[in-house]
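Look for chain A in each of the two complexes below; its partner is chain B in the first and chain C in the second.
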Partner chain A sequence: MTGPVRVGPTRRGATAGLIGLAAAGWAGRTAAAEPLRMGVALSQSGNLADSGELFKRGIDLWREDVNGRGGLLGRPVDIVVYDDRSDPATAARLYERLITNDKVELLLSPWGSASCATASAVAEKHKRVFVNAGGASEAIHLRGFKYVFQSAPAISAYVAGVAPVSKAHGFKTLAIVSRDYPAARDMTKALDKIAAEHGLKIEMTEYFPAGTTDYSSSIARARQLNPDIWIGVGYPNEAIEMVRQFRAVNYLPKAFIHNGPAQDDFVAATGKDGEYVIAISLYEPVLKTEGNAGFVAAHKARYKSEPGYYAAFAYQGATVLERAVAKTGSLDQDKIRETLTTFETDSVMGHHKVDPKTYVQIGLKGLLDQIRGGKREIIWPDDLKTADAVLPMPAWDKR
Partner chain B sequence: MRIPLLILALGAALAILPFVGSEYALSFTVQLLMFTALAYSWNIIGGYAGYTHFGQVAFFGLGAYVGALLIGAGWHWLPAAGAASLAAVVLALVLGGAMLRLKGSFFAIGMYGLARVGENFALGFDGITQGGTGLYLTPADLKPIYAALAVIALALIYGTHRLDNARFGLQLLTIREDETAAEALGVRTTRLKIAAFMISAAAPGAVGALYATYLAFIDPATAFAPMTELTTIAMVLLGGLGTVLGPLVGAVLLSVVNELLWSRFPELYLGLVGVIILGAVLFMPRGIVNAVARRRWRWSAAPRAGLRRLADAVPAADTGRRALPETAPAPRAPDVSVRST
Partner chain C sequence: MNAPVLELLVGGVLLGGLYALMAGGLNLIFGVMRVVNFAHGEFLAIGALVTVSLVAGAQAPYWVALIVVPAGAALAGLVLQTFVIRRLADAPLIMSLLATYAVSTVLVNAAILIWGGGYRGLPGVLSGSVRVAGVDVSVARFTAFLVAIGTSLAVWIFLRSTRTGRAIRSVAQAPELAIISGISVERVRNITFALGSAMAGLAGVLMAPTFASDAQLGSRFLIKAFAVIIVGGMGSYPGAIAAAMLLGILEVFGGYAFGQVIGSALLYLVMLAVLLVRPRGLLGVGARI
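Showing the complex of A and B:
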């Protein structure tokens, strides 16, 4: 910053010393006010653009909150945002750029398991702390990485409700139809385990490439096999298309379970056809978690809608990082890493806690909702229930 | 004599860069070297043999998958890249026999189709490739990958320089100009075409594997990206099809433009690439290097001037269109009369 200042006994020396001290003081002040730069790449174009925008809202709300609290380590937070075009390879290159060219001090997580998987590898390579707020896939964390921590719920939380709901309604068979990305393959693994434990049978497992909009071949196959449950993991646009195509060909499983309907987009786009669909949700605005009331109010004020779990993912992840950094008291990546290995905290989504070996999220639990009257009602777990499930879903002509 | 010197200078610059440049400069140069290698490879079959096509990314993608799978099986990335290169060469041998019977646009589009077939194979055989989820690798250190790419790129520049003055290169040019005539003169066209095709597949295979290592990830959309293909072709067209320095000039220019724009204005980048290609085709149909050579700047070599002029004159005569000013014969060459024969 400023060079060494030698305060001598002469008048000239004293003057120089005073100027030097003043300069040092001024430099110190600007350093304190200098923004803390954080970097993130999000899908702002491509097939995940809609969902990426919801995630970004969580980041923006967090930034306002943290700056309202006086910033992080006494410095206001600035965020550098790039568009990964819904492409995991681009996400990797953008994180490389954020680290090496933009020299951001902290990284925020991108959105979606695919981009999180590639971005986290870049962060690990550069020994930068990476709180994975947007990827449910557990495979991201099973690569022996040391700097990558999951704040998003793990995929096992997504499907935890499948067995109890199946039992309650006598469902025996499943069809898995998912976007082909890491979370889906993890979900299949988790469901295989659940199926073996609870005597369920998986009739078919299909993955479709990102960007697919036609599910007719999967529907045709499901019509033949006639599974009780059609379950998938992916994004709202996929769930919307599935329901529309179910309706168009007059097909309906006894239960359609997908994580996409947990965003308001689903209800808005499907209207009446979306009724009775089961949403895998990880967060609802009604939860009595820490800071949730304020988060929901801020989201409503700014975006005229209640937050879904995408926004909550971002807010939770950024909050976990913020508190871990504050607790560490420095931006030293190795020290923050050390803090995060055992860090526990409560935020809008619930209790954050990671497995001490793999750093997979184990604190957060999943929910199942049913769309009823254009709203998501929690049907599982029982202690949070806001409505009883209506299952099997009433046939298209009986509504 | 100038080109070996240039290669030495480039080699020296590339050798110094890791010690003086930032990580970011290194990362950018990795991309640049990758595209340089791809552009030179494409130039051999597209520029010299005249078999332009849109399917090079099939070799790149195959290499990426072979490399990623071998690395996943515990191989070091360097032998994995070698194996990927070999796999691409074998694929070129097999495909070459069938595909090189096609000419002109049929070959170009047939190869495009094959790249799409490759993408669908990668999606379909998900027991091996993990389908659209892709394969994840442990990130490797950037510097050795950079070194490997630098060696490949420099070797290709030097190889093209040699090719330009070799019997093999001249034979390829005769195929480009008139395949039937070449055959009548005793040029073994089929054998040569397949050989050129195999050579042009070797580097993309290796580069694909290195790219997968660099990203620590590969999925069908990334491995067989049409964007990789188009950028490569745009580089060669911009720099100069069938020239020694053209692909290098094109790769450097487009990589710089790309780097300035892609992260901030991805849409603008695609548009600009389109404008550049359009401009190049309209005003410098034979690329920057040829345009410069005509201006007779001393640093640009114009070897085999006679044959090149013949090459320049033929398309104009073929289509009966007025020859563009670009294609006027350069006055300095001694054997102008070749053109009138």
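Showing the complex of A and C:
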């Protein structure tokens, strides 16, 4: 097993000066303060390593910000990072270790619903507050846990735009093709409900195992059933490979909706073929949410790119925890828990609010974007719209 | 509703072509050297990433990557053989397995450092389809399929009809006799490892237009490539091709009939059945090539 990586107050490279200034800022006020140790296990290897790295950027930027503000409860924040190898069982073991061995004072959430599900169970067992920043699955919160709060948008927020967009463009039928993981099962439930309420018909529901690279069989079925919308949830490579394969076998649904295209990689990797695809986004750098302009600027300065929603998930979650702790004024887990049950705040992704019974996120709303001219334009909700949707997607040879 | 048999068949055969492409080099290296090369997938992934950098980044024509990447992979393979594999030549199989696993981990992380954690692609290269007998056939996958068959055939002919090829086979079948006959086992192993690595690089070049390339592209295929050579028979060329097609077809038809989760599981069930019933594989003849 790899040892913990300390992300302490000093860093190498171009950011050293910046951090140095920030460090100097709080050094005066908190010279004698012991660092407040927080722990996280996230995917630095395995199949979620790519998105896990983006998630970690959100945590790193938050840590710099909070230390720049003078730390938390007057103490500089130090983060202990482990690699869960994209394995939920390893995540559980590492949270056990963070709590019992490393004795960290606060926990940050891992990345991905599967690891969040196991890690949160460990936190609950030890009566430690766990703000779930990385798992959209609502199932995580339907186990009666008292210390687990969702700051990530719940999966039903992902697909809230499907009904209005279908209505606007006369779409009646859907095919659901998703990676087989908890978030997808939740999304199917949410879509079943939407379909029943809005008279849409779900023609097929398919799951594929992690590591799948071929969609021939699903495309063959969809070609026969001819659904208006092909919708799925999973990882960016899957969306890239789906579009590639659609193009390669000359298949085109009227709309292709997936969360993967919300990442910049999708646009670069698919080029013209990725145009008109609809991204389930949840976060865009252009949003006028609280603190977003600063977050985007810091991300650009540090990583030479705008943040996607993975980084925003992490930043939002850490900010919610920070403010709840600050409001509580202590590290007493029961008191922080009490605060979080009714806590509301605004951060980069929007308004944080949890359901008072399940602690599922109900404040954050989803966005639908369409890839146009290599950029993501918001097409839903109407009040945030930056472009009108072009649907059905134009034929492959008419672009 | 009738199943679109022809469409599924074409999809399955072309998928099999990709598996064959991936399994080719792995099979050659195992057949001759008894090395299960866990770093094979990383050679493929880095091959794909270099292809993207050359073609999408440096605007080089795609054919340049078809030459440069396999050549570079051969060279890297030679380095790996010289500094790592050669030193474990007489050690138990597990040693080279562990060593190549370590190399694979180093390469994945090196690739993440160089190319970052995201996904890259080659839009516009070998994209689109041609319509044959009412079925839309992917240009990229058909090309990969032809190259997989072509390379396997070329390697097979090379092993049968050239002096070096015969030397390689004799080392595979009876190393002691090969030494007595004056064959340089060292040289044969160098050539084999370089050739196998070049095949991984070539697979990377051909997969770059179809898949989202990242440092872990290879790991998404490696288990299936192992399944192919286990079912086909480790070291058997015609066996690997037949197994690749069989597994590709099974996965696509299984996925259509029972969903993709079961479709993929079928592939491993077949692998398990072969291991239990016929451990040397469908066409495996001991360890011959």
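A few notes on this one:
Just so it is clear, the second predicted complex is superposed on the first by the 367 of 399 C-alpha atoms of A that agree within 3 Å, B and C clash if a C-alpha of one lies under 4 Å from a C-alpha of the other, contacts with A are read in each partner's own complex, and residues count from 1 in each chain.
The rule we apply is simple: contacts are C-beta pairs under 8 Å (C-beta built on N, C-alpha and C of every residue); 3 or more make two chains touch, one makes a residue touch a chain.
Bear in mind the structure is a predicted one, so any value in this text is a computation, not a measurement.
In the superposed model, A:269 lies in contact with chain C only, and not with chain B. In the superposition on chain A, contact of A:355 is made with neither chain B nor chain C. Applying the stated contact rule after C-alpha superposition, one finds that A:92 touches chain B and leaves chain C untouched.
In the superposition on chain A, A:213 contacts chain C only, with no contact to chain B. Once the two complexes are overlaid on the shared chain, A:78 sits clear of chain B and of chain C alike. Touch criterion met: A:117 reaches chain B, while chain C stays clear of it.
Of the two partner chains, chain B is the only one touched by A:139; chain C is not.
Taking chain B and chain C in turn and counting the residues of chain A each one touches, the greater count comes from C.
Contacts of A:396 after superposition on the shared chain: chain C is touched, whereas chain B is not. In the superposed pair of complexes, A:180 makes contact with chain B and with chain C alike. Overlap of the chain B and chain C contact sets on chain A: residues 45, 180, 207-209. Remark: chain C residues 1, 3-4, 7-8, 11-12, 15, 105, 108-109, 112, 117-121, 123-124, 127-129, 131, 136-141, 209-216, 219-221, 223, 251-256, 259-261, 263-264 touch chain A in the complex. Remark: chain A residues 45, 82-83, 85, 87-89, 92-94, 96-97, 99-101, 114, 117-118, 121-122, 124-125, 139, 143-144, 179-182, 184-185, 207-210 touch chain B in the complex. Interface residues of chain B, counted against chain A in their complex, comprise 22-24, 27, 123, 126, 130-134, 136-139, 141-142, 215-217, 219-222, 263-264, 266-267.
Considering their complex, residues 45, 47, 49-54, 180, 206-209, 211-214, 216-221, 223-224, 236-238, 240-241, 244-245, 247-251, 263-266, 268-274, 396 of chain A touch chain C.
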